[in-house]
Amino acid sequence: MRSVRGIGQARAAVFFAVLAMLPAFNLAHWVLNMLVFTLMYAVMASAWNLLGGFAGYPSLGHAAFFGVGAYAVTLWFQHHGIHSGYEPFFLLPVIGIGAAIVGLPIAAIAMRTRSDVFAIVTITLLFVAQTLAFNLRSITGGAQGASIAIPPFSAATFERPFYDVLLVLLAVAMGLTWASMRSKVGLSLAAVRADEDKAAGIGVRVQAVKLLAFCVSVGLTAMVGAVWAYYVGFIYPQFAIDPLITIAIVLMTFLGGRATLWGPVIGAFILELAQQYFAYSLGGSQYYLIAYALVFLVVMLLMPRGIVPSIQERLRHRRRRRVVDAPTSTGGAAQPVRAEAASMTRRPFTPVPYAEGDRA
Amino acid sequence: ASKGGGSATGPSGGAPGKALVIGASVSLTGDFSDSGKAVQRGYQLWADTMNAKGGILGRKVQLKIVNDASSPSQVVTNYQNLINKDHVDLTFGPFSTLLTIPASQVAKRYGYAFLAPAGGGPKVFAQKLNNFFFVQPAPTTQSGDVFAAYILSLPADQRPKTAAYAELDDPFAAPIAENIRQKFEAAGIKTVYKQVYPSETADLSPVMGAIAAKHPDVIVGGTQNQDAYGQIKSLVQLKFSPKFMFQSNGANSPLEYPDKVGRANTEGVISAADWFPGSTAAGSADFTAVYIKKYGGTAQSVDDSSAEAYATGQLIEAVAAKTHKIDNATIISSLHSGSWPTLLGNLSWSSDGAPNGEFNLVQWQKGKLVPIYPASVSQATPEAPKPNWGG
Amino acid sequence: MHALIQGIILGILTAGVYALMASGQTLIFGIMKVVNLAQGAMVILGAYLAFQLFTSFGIDPFLAIPITTVALFVVGVLVQLLFLRPLRSDDRSELSLLVTFAVALLLEGIMSVIWSTSDRSINTHYANSSWTVFGYQITLVRLWAFLLSLFALGLLYLLLNRTRFGRAIRASVQNPESATLLGVQSERVSAIGFGLGAATAAAAGSVYGLLYPFNSGSHYDLISRLLSIVILGGLGSVGGAVIGALVISVSSAIVASAISPIWSEMTFFIVLLLVLLVRPRGLFGTAARGAI
Amino acid sequence: MSEPILVLRSVVAGYGAGDILKGVDLEVQPATVTCLIGPNGAGKSTVLKCVSGLLRPRQGSVTYRGDVIDPLSTRKRLSRGIVHVPQDRSLFPAMTVWDNLLMGGYAMKDQKEVRRRVEQAADTFPICRQRAHDHAGSLSGGEQKQVELARTLVLDPGLVLLDEPSIGLDPKSRTQVFASIRGLAEQGITVLLVEQNARSGLAASDIGAVLETGIVRLVDSGASLLTNPEVARLYLGGHATPAAATAATSAPGR
Amino acid sequence: MTTALLEVANVSRRFGSVRALQDASLTVERNSITALIGPNGSGKTTMFNVITGYLPADSGTIRFDGHDVTRAKPAILYRRGLSRTFQQARVFGHLTVQENLVVAGGFSVAQLFGRRVGRQDRERAAALLVEFRLSHVADLYASELSYGQRKLLEFAAVLMSQPKLVMLDEPTAGVNPVMIETMEQHIRQLHASGITFLIVEHDMNFVMRLCDPVVVLDQGHEIFTGAPDAVQSNPAVLDAYLGA
């Protein structure tokens, strides 16, 4: 058990060390640019996983909070100057917490519904948010969009600050995921996911953990939205609050494996890189969508539960072989039973000798 | 290691004989795909023409066109890749108009000139990027002003009394109609109905139904593509035909428009265009000829988006001819001074990249799109009032 | 007032088109518990097929329906057999969401290769015809679509509720193990069921193509609407699909004509939200006893 | 004694990894009731699944009427007359009770005959008629069990596999069910029964078999198993008085 | 404190045309083991659901431990000290058997951030798992258990918390007789420590051995309340439930 955990921590350390060192290798801008987008999705998929994976509430409305973050940072800096270029990043925690607070009443209402209905309710919220962004012109600029100051970073290292901030966010998202998995929060979320009514009836803090998962999840998403807006420089309602963003996040999480620590990250690295690569190299030729869809379908067919769970299942089976071979029985030190009519016994009765301590 | 950083002259200062690679991201899928493809045709046609002439300054022109699927993230990635991965020499703009801003910022970062044949909304110019040039005669939102000028030039008894406005909520549609409305209202044309509709509106029947109920003399549509078709279809079904029907966009698409609304229903519809068949502007005849040769059809079937794209190339050609250089810095500094002839007419820009010219008014007459105003370009008399729908 | 009534009439007729599209969705989603995000793409595929038959052979889009229906039936069966069957039963309904989305992308990609991404529309001579009744316009194509959808929905209802096949398909979803024990070949039945759902998309496609210009990406707009209709009406309720479509189309039309189209989308979403918060199972969904 | 109708030979089976059945040998005589008892998790239900085809054995063979049926699908086995009533809720919860009964005859070609038999089955269990148009899932636990049993009667099977038919039944219905199980055997139908309610189960059976940790430990007549004190102590509980119960429970597992 | 622990007064509940409970009343005295019996479909489970807040009653009142809990939700009732099992065992399939027990242990909001399965949790769970012969499957997912093992797990889970009233819905169905005796022993132990039980059961031997008083429900209404031996001789009960 201990050694397994050690491996897990080592894995995480190596992963983040490699990612942190990558830019030092003087990577080309286009590579860093691709990694910036990949990290964005990795953070969002991890965040979504807290709610959609662990709690079993498949939100399709996360893009609304992405938009909340994007608009928050854009509108704030329409009235406040950007000098060093890092100001928007300092605002991130505020945006995250703000989005979480905005999310609280929404969660309280929306989470009265379950599974598919919850999915539809949240996607509905997304469209409502989008409509508001379009129509509250005086605040958002409506369809005309809104611009944020161009980051005053030098062209040579333009992507670095974004990359670093996103890496920190990913560490936070994965750290929170990990912490929840090994605490009773994770246990309670799993119970909620399996059978919420029963969980409520046996004293699980259903409401508390649900709301917690929702708020953390949307808070992280909003922070990514803010970074995105700053990076792209200009936002319109249809792109800042885009159902396709949610769909991409969900696809990544499912592909990598729901309710796992690494699944969403792996999913994001595969799908976002595939998307960026195919869209660029095959984009002109219409085959891009086909290639992208096939990557996804093939992985899903080979690993129907997503990558990480499929691998875990295989490992588990190997471990289980040992477990099942242990004896099951009613009796403790049972004496051999003599059948009254021995002639009718078709098989000699020899109870397995075992002691209580044998049980694993 | 990254080469593109800051040194725009690096890759473009290459020796003659090495191909001149021009990169562009356009929307080949999604809502803007019709126009996106027209842009692609224009770029390609110009490149072919140049190569037939032996290239620019002895360098063959090679295009690299990628798809952005209408996503701002993808457009950023695309220009990053074009500039830093493929090290293209020059960049042309996207068609997906909403994507121009993020794309122009990337180009600016690496010192690339950014010539965009589409996407000239006010916010683009508000960025005040000196590398940006909008290759049309006027900023998009002013493209309908010529319609207002025409209507107000009519004698009082022919002038419409009431107007209805149906505007797509899009930075490049609604403002055009709004500009017209201001001019109309100032001239005493009563607004009986005004409606902005969101871009996902699949069904324009409720809006057009409300307009039909008001019987306005003129309908001004601030439109893109789909909704322009939808407006006409609904009006036909509602059997209401106004005296003047103006649509800022969509109706100026010679191939798609009759196909989508039915040829019989195009008669009399007015739109704005910068290029029109039979234009006498610089290179227009050549362009028309090679277009027909390559893609078939008639001069009527040429989309003005193709012409705008072609004009983008013409500018490069003109700068090269004048300066004998073909790097980004030269292009930027050259275009900022003087006036440059293209098939859209002579173009010149303010420092923010906004062009200083005017559009032309075109009308559908007997299945053809002909220029009717201003008099300098007019090839036919305006058909007014518009006849009834063909059904 | 006139505009309002005209708006309502249009709303009702448009509802017919959406009900037709949603009927297959109800079948697949409500009965088979597969959230088919490819339904929209299938409608568009149906539209393209009708377009092709019309432009190449001059076959009227309504008459083309039997042909396109068969074609989409085959597509549906293939999708089920190739992509959905391998999913495990315990998380099938969730994973199906993703697999069918990928199928939608795949179809979109294939359609854009075949027909390119330009807008298409089917321009029959009657495409824009309408009747004037008491000064109100009734569009012919919409009226036909409305009747066609009632017919298709009726047929589906009978098939699902009154036939041996219908029972088998419901059974194999509700309790696959038990259905197997009773001799139901679940895979075959599900494939046919999915095929039928897809087949309704063919009929809807013809109508859609007559009413609106479409391109390979048009399915995105359709799918959220279809899902909403199905959920609003209550999963698996064929009648619910009609009512759901009516509520959505008419409320949008009323707000669009009386207030502004800007808020019409929003109204519809708010109606949906309210209904779901009050009745999480939709208007006509029945509450299951579950495990209590 | 005649040829056994069903023979399991060294059947090894399991789910995923690990074997649950570790070489099960069992013979079932025609037109008798055989009762399988054993602790929870011993693999009793797994045995039935191997016979009906829900689970493929990894080793060993299942022979029915002289033919090895391992390669056959569930459907083929059904058509040969093997009917399995599983332990967990096996109704279709969102279908009406009547549709559930009709599903019982799904494998039969003649739909008229199916209707006739459904009527007959509904006579035996009146709940079917009382609640014919309600969703089966809305019924109480015991009511559902009754509908499940009624559904079995729609087919005419050669071998019935009953997995704990008495779960959730009230004493009256339980008596009735055990009586009808005997009735089946008298009609010439073979029954393989799993029961935790072992006393009633064995009392209604000709043969009893004890399954433990995936192995058949003992096979004997139902009556003699009931009177075997060791069997009683290990598997039947057998203590009517509270005092004795306390004493007995402290013995095993301590 | 002379009031009964649980008082159900004149509760009715209908589903469409089915009257599952009709004016039913029931009292559970403190520290009793009350049995609730009745034929299939007589409304026992519905009574449980109404008491524990899983279903709202159409009319009638329910008082628990001196509070009116007629409209209370399950979570509130749990906090007041009421714990139950389900007729169709409801275990968390995605959790391991051990985790199923831990999650039922009850913990405060502050404890949420503690270890998922702490040492104490593990020890408490392990003792129960041994007794119910589930130790060897402790690390399997609950969805991989046999029917009877699930019933045992659910029963064991109830023992993890410290309720005032435990309501068991057919706890012995599908459970091996030897295990039933273990259950019985636990119930007696807890009873001795002051916990009250309300048990729905069809196993009459079990009821007779363990319970007093016995309440008989028929067609949604209680027809008898009394000592176990009186039940067996009551003609109404014989007719409705036990069979002649």
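Letters A, B, C, D and E name the chains as they come in the text, with residue numbers starting at 1 for each one.
Please note the rule applied: a contact is a pair of C-beta atoms (placed from the backbone, for glycine too) under 8 Å apart; a residue touches a chain by one contact, two chains touch by 3 or more.
None of the values given here were measured: they were computed from a predicted structure.
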Both-way neighbours, i.e. chains that touch subunit E and touch subunit C: A, D
Most widely separated chain from subunit D, with each centre as the mean of CA atoms: B
Euclidean distance of C-alpha centroids - subunit A vs subunit E, Å: 38
Whole-Å gap separating subunit C and subunit D, where each centre is the average of the chain's CA atoms: 44
Where subunit B and subunit C are represented by their mean Cα positions, the distance between them in whole Å: 37
Between subunit B and subunit D, centroid-to-centroid distance (C-alpha), Å: 77
In subunit C, residues with contacts to at least two other chains: 112, 116-117, 262, 265, 290-292
Multi-chain contact residues (two or more partners), subunit B: 28-29, 169, 198
Interface hub residues of subunit D, defined as touching at least two other chains: 39, 41, 89, 138, 234-235, 252-253
Subunit A residues within the subunit C interface of the complex: 58, 109, 112-114, 116-117, 120-121, 123-125, 127-128, 131-132, 134-135, 195, 197-198, 243-244, 247, 250-251, 254-255, 286-294, 296-297, 300-301, 304-305
Of all residues in subunit A, those that touch subunit B in their complex: 26-30, 33-34, 37, 131, 134, 142-145, 147, 150, 154-156, 158, 228, 231-236, 238-239, 244, 276, 279-280, 283-284, 286, 288-289
Residue ranges of subunit D in contact with subunit C within the complex: 52, 54, 74-75, 78-79, 83-84, 86, 89-95, 99, 102-104, 106-107, 111, 135, 137-138
Interface residues, subunit A side, partner subunit E - complex: 181-188, 190-191, 193-195, 197-209, 259, 320, 323-324, 326-330, 356, 359-360
Touch list for subunit B against partner subunit A, complex: 1-2, 4-6, 28-29, 65-69, 71-74, 76-78, 80-81, 83-85, 98, 101-102, 105, 108-111, 121-123, 126-127, 169-171, 174-175, 198-199
